Amino acid sequence: MPSTAPEPYFRSAIMSSATADTPRLDFAGSPINKALSADQKIELFRNMVRIRRFEQTALKYYNGGKIGGFLHLYIGQESVAVGTLSLCGEHDHNITAYRCHGHALMSGMEMNPLMAELFGKATGCSKGKGGSMHFFAPDKNYWGGHGIVAGQTPLGLGLGYGLKYLGKEGCALCYLGDGAVNQGAFHESLNIAALFEIPVVYIIENNGYSMGTSQKRSSAYRGCLAQRAEAYDMDWDVIDGSDLYEVRAKAHIAMERARKEFKPSILEITTYRYYGHSVADANAKKYRSPEEIENYKTHFDPIRLWRKRLVEEGVATDEQLDAIDKEALADAVASVKFAEESPAPTIESIMDDVYWETDNGTPASKLGQHFFTD
Amino acid sequence: MSRTLTYREALREGLDEELARDPNVVIMGEEVAQYNGAYKVTEGLWKKWGDKRIVDTPISEAGFIGMGIGASMLGVRPVMELMFWSFHSVAFDQLVNNAACVRYMSGGLINCPIVMRGPANGGTNVGATHSHIPEGLFAAFPGLKVCAPATPADAKGLIKAAIRDNDPVYFMENTRLYGMTGEVPDPTDGDFVIPLGVADLKREGKDVSIIGHGRSIIHALEAAETLKEKHGIDADVLDLRSIRPLDVEAILKSVMKTNRVVLVDESKGFGGVSAMVSHLIQDKAFDYLDAPIKRVTTMDAPAIYSQHIEDEQLPNPRRIVEKVLTLG
Amino acid sequence: MSRTLTYREALREGLDEELARDPNVVIMGEEVAQYNGAYKVTEGLWKKWGDKRIVDTPISEAGFIGMGIGASMLGVRPVMELMFWSFHSVAFDQLVNNAACVRYMSGGLINCPIVMRGPANGGTNVGATHSHIPEGLFAAFPGLKVCAPATPADAKGLIKAAIRDNDPVYFMENTRLYGMTGEVPDPTDGDFVIPLGVADLKREGKDVSIIGHGRSIIHALEAAETLKEKHGIDADVLDLRSIRPLDVEAILKSVMKTNRVVLVDESKGFGGVSAMVSHLIQDKAFDYLDAPIKRVTTMDAPAIYSQHIEDEQLPNPRRIVEKVLTLG
Amino acid sequence: MPSTAPEPYFRSAIMSSATADTPRLDFAGSPINKALSADQKIELFRNMVRIRRFEQTALKYYNGGKIGGFLHLYIGQESVAVGTLSLCGEHDHNITAYRCHGHALMSGMEMNPLMAELFGKATGCSKGKGGSMHFFAPDKNYWGGHGIVAGQTPLGLGLGYGLKYLGKEGCALCYLGDGAVNQGAFHESLNIAALFEIPVVYIIENNGYSMGTSQKRSSAYRGCLAQRAEAYDMDWDVIDGSDLYEVRAKAHIAMERARKEFKPSILEITTYRYYGHSVADANAKKYRSPEEIENYKTHFDPIRLWRKRLVEEGVATDEQLDAIDKEALADAVASVKFAEESPAPTIESIMDDVYWETDNGTPASKLGQHFFTD
């Protein structure tokens, strides 16, 4: 890939120099995109707006004090999860960091249990035990939601290793942020991935910042972050995250190489978050200029661009898309109702879900004292 | 004279004074400079002291903490912020081997005058990985010192002592305390330093000793009031403040007076500071105990997220009162 | 029928049997395959089972242990060797967050049937960083299980139980025991599994309970003989075997019989398994204690190198005897 | 450096293809080598043989049961420590892993305290507390001797950072093995070194193996291990460790760039260890063929090659060099006597050297209980 990959023409770290007129390559014609039916294209739109509407709604209730802890919004980055996960088949798995709502929804999780989880309710996807950073749906091949920066990267490696070990033809997608690349665990994972030929694709969602620190202040690199792959003789590519076709076209290549040739790779997808690091980040407009944020929203918003594309292609009308949007919002609002009406976890339930054996009341669980609350 | 400061302000004042006192003191960590600190403890310090003294680092705890330790061997006196103490897990080797053992392995030739600080607590609905309570964990490593202030004055006095100490000091703060206010002596009245190794009797009683550190002390004080008002039980509340060195004398003095003990500890039940203190008490004051030593610990599961019940998983005034009443 | 095996051979036999039983069992670690294991526990297994089942890894503990955890979530059952348990320090996040918390944070949707094993001991003159004793450290994390066999039979029986367990089990061996021999049941007599959570009364006495785990038990048994012969003191020697789950009943039973306790623990004095056991005993058997609970722990400094005195820093039969005699 | 560095013509991992006739570049003419006086050249020889004789002697007593724990011999690698550390001035510092005898001696430590340390005696450089892996001499700018693979790499970074902070014009040399490159802490250090412009030179002593694992089985890389530096936009070079002139010429460039321009770099020095990983490594000839070992000893032994060079240059005669060798051996033998006659540490001394404050009996040390031995 490196030799044939087009030079990245837009990177969020240098976004201020890109405008709406910056020429773009067209990935609509790549086979994986050509194969999309109109319905499938509309579905991609639906998935993106569902993420956005879900989060906008969550934001409102976070500000209203209904949600605890952190809330790391994915708004602005929707095309990354939607584009890449739209390529997944039954044997493909994925795992990400704490900014995980988009991946959860795109993996097929319903809004109700997610919103209930944010509300800390017993009906939440993690029974109120995980919160915003910890959504999981193993039945949908979605392995979370992890709070320790880059802590998920060896797990993603393990998913790929497990697939190969179990003889399943699939790959693991493991997402991380641009700040996460400087954790040692990620590098250890890269070396093992290349050495053991593990079918894993690492996807750096490069939104230009780790909390208040710009990419330039956190990382030393040549060219781009993905290029660090070369240190391990691994393939890499850079993708413009505002273009769903490009995300799909390039991710597809990487995923196929993982599945068929056991070649891991790093994809760096440039993107942007509209809100603060988490909602509580009061500095969001201090380390980024309002112009920078506005420029992205105006010219690179992935949902707006995709909508434009669908209309231009004659795949859907604005009215149809508005209806989908409305539906997404309605679902989000309904999920709040569900969450509000759900019971909080009981105090006793704190002690569930620690051990498989005690949860399942196995003979092993009857021997010895497992818990030590005083 | 004294002023009312928040715990956060008191800490900051302590840091600021030490930055002024010693040009080798440098503050480092994620978002401590330009962002003013994730929890705003270092707010304004970068502006005042500049790039050399207040340093933003990448998200590379093993790397930058190890860097601080290496620099401390050369005589720099780094004060490292862990955005959460929970992130110790990715820097553990540097924390328990390089900082704790290099003096020993070199036969005393090297010392590491370094402070690691940051919030070390549950109770903020951020889930299991972000809510570790590691005081006991680190106190178990000879070579390390650990303290955990409960009040603004203690925060200021202890951080200054920690920075001046010539051994590595692991300083455990609490996000739930940052906004709490209290009296702190005025700097014009002289240098305010609280030495490590000295517990503080935060409330004087006679019927039972409630012993703990950090936020548990706030709970204990509240519980003590309830015990007094509703049950006529008059509790000693002993704030350990420093976990290692540990003021064993103060512990024994209180126990020998009250003959009854409840230890409060935000750790999980297996181990923690309280298991150690329990062992010490029964060993050294066996004949003074009228009842078994009881503890109030965090319910023994990973930290739950749910804002509705996380405070029930943790020690809280209600649980302390109930535990004291079981002593009969 | 039974044969005499070394602890190492017994472990290997257990691993081998589990490799045969379940094709999803895979052994991974540094030098476990082609080199036959740094301490030869896995000798011959690579030759027998091949590249897929016995996997050499780079020196990247966080990476490969995390990989094992990830694979275990998918149903693979990895048995990970840490060449020394001391190297947990560079993989700590994976060990205490990913393995211990993912079940909880997912509300029970995920489990990690993984075993981490390797030697966890001092006494081999390799200095502070290579001589950590982490049983208590890990047992403090709910979600983890910890065991530490003292004999060949226990090593075999417990490793098999650990591999079959559906939770993460941290298995602590001891380089000083690898060469020790003992009777182990013959495989033709059936599957030999020792469940976690069951202590073993290794010697029956009546005057004092000596309680510990791992190599301390070997010392305790020797001390018990001396106590009997030289001092007429008849000791119970209770081998915890499993630290978490912990056989509290067996502990209390012994204590209620003897009314006197010495805990032996290779941990340093602050904390460790023994501080916890001490707290439990005084809490649950307060009225049965005729004397304070005493401990024999490792002298509270980083592990010394010198071959002339390292064994004095650790618990040893002499120190146990002396401690028992202080009980009067 | 990368662009102008000559292609490595000999790498230990592919050593079998290199022979004595493989053409070699000549670094004798580089300024730093031309500046060497005859005495200094002889001194380099002396330093190398002192390491070798010290270790051969230690080996004998290890086998005789006088030394405990591990003994990781440096024999075969002497030119790395000697070549690089010969370039150090008063403000240059160094730190290494557990294979540390060479660096200790070359930093100026005497044999007596080193041998006594191995013998676990109170007169040892670490009072018997450190052992073979933990020699230290801060007064000689030598910071050890560290047992956790790559655990010293952030410390080395800290030495460089400290020098810069304190305004001293020097650099830190931080050594690690070819297996150590796959530890996360090393990568974190590299990023910080490049980002913060720290005067540190990382020196990979590539002896082709990490215990029984060959470089190819432990690392994925493009070209060579040092090239991983490119991931951090950092300079690197590969050096033939059997040639002292080359080691000095190239290391000098890197050190000057560190000192003057605050540019960190990675040097990979190919070398070889003649013995097992540690003396207890019974497999040493299983994972490496006896021919491979013999080939190195015969054609690439750095001491033999340097001796040849000195004689060819007319700097010294074989007789002079033999005398130096003899002296080195005599010193080593004397150090054994010193060690044997030294007292073991007392049991009470176990509790010294834990805290500075307690050791120094400061007021702080009187408050609270510091130790918890039961």
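Before moving on, here are some points about what is shown:
Note that the chains take the letters A, B, C and D in the order they are written out, and that residue 1 is the start of every chain.
Here is the rule we go by: a residue touches a chain if its C-beta (ideal position, glycine included) is under 8 Å from a C-beta of that chain, and two chains touch if they have at least 3 such contacts.
Not measured: the values here are computed from a predicted model.
Taking the CA centroid of chain A as reference, the farthest chain centroid is that of D.
For the pairs B-D and A-B, the count of C-beta pairs in contact is higher at B-D.
Chain B and chain D have Cα centroids lying 40 Å from one another. For the pair chain C and chain D, the distance between C-alpha centroids works out to 36 Å. The centroid of the Cα atoms in chain A and the matching centroid in chain D are 45 Å apart. Contact of a single residue of chain B with at least two other chains is seen at positions 58, 60, 62-63, 89-90, 93, 97, 104-105, 127-129, 142-143, 244, 268, 270, 274, 276, 283, 294-295, 300-302, 304-305.
Residue positions of chain D touching 2 or more other chains: 124, 126, 128-130, 134, 146, 148, 151, 182-185, 188, 191, 195, 217-219, 353-354, 371-372, 374. Within the complex formed with chain C, the chain B residues making contact are 62, 88-90, 92-93, 96-97, 100-101, 104-105, 127-129, 132, 136-137, 139-143, 244, 267-268, 270-272, 274-276, 278-279, 282-284, 286, 289, 291-295, 300-302, 304-305. Across the complex, chain D meets chain C through its residues 67-70, 117, 120-121, 124, 126, 128-131, 133-134, 146-151, 179-180, 182-185, 210-213, 217-219, 283, 286-287, 344-347, 350-351, 353-354, 371-374. Residues 182-188, 190-191, 194-195, 217-222, 227-228, 230-234 of chain D touch chain A in their complex. Put simply, chain C touches chain D in their complex at residues 30-31, 34-36, 38, 56, 58-60, 62-63, 86-87, 89-90, 124-130, 268-270, 274, 294-302, 304-310, 312-313, 323.
Residues 93, 95, 124-130, 134, 136-139, 143-146, 148, 151, 153-159, 161-163, 165-166, 184-185, 187-189, 191-192, 195, 352-357, 359-360, 362-364, 367-372, 374 of chain A touch chain C in their complex.
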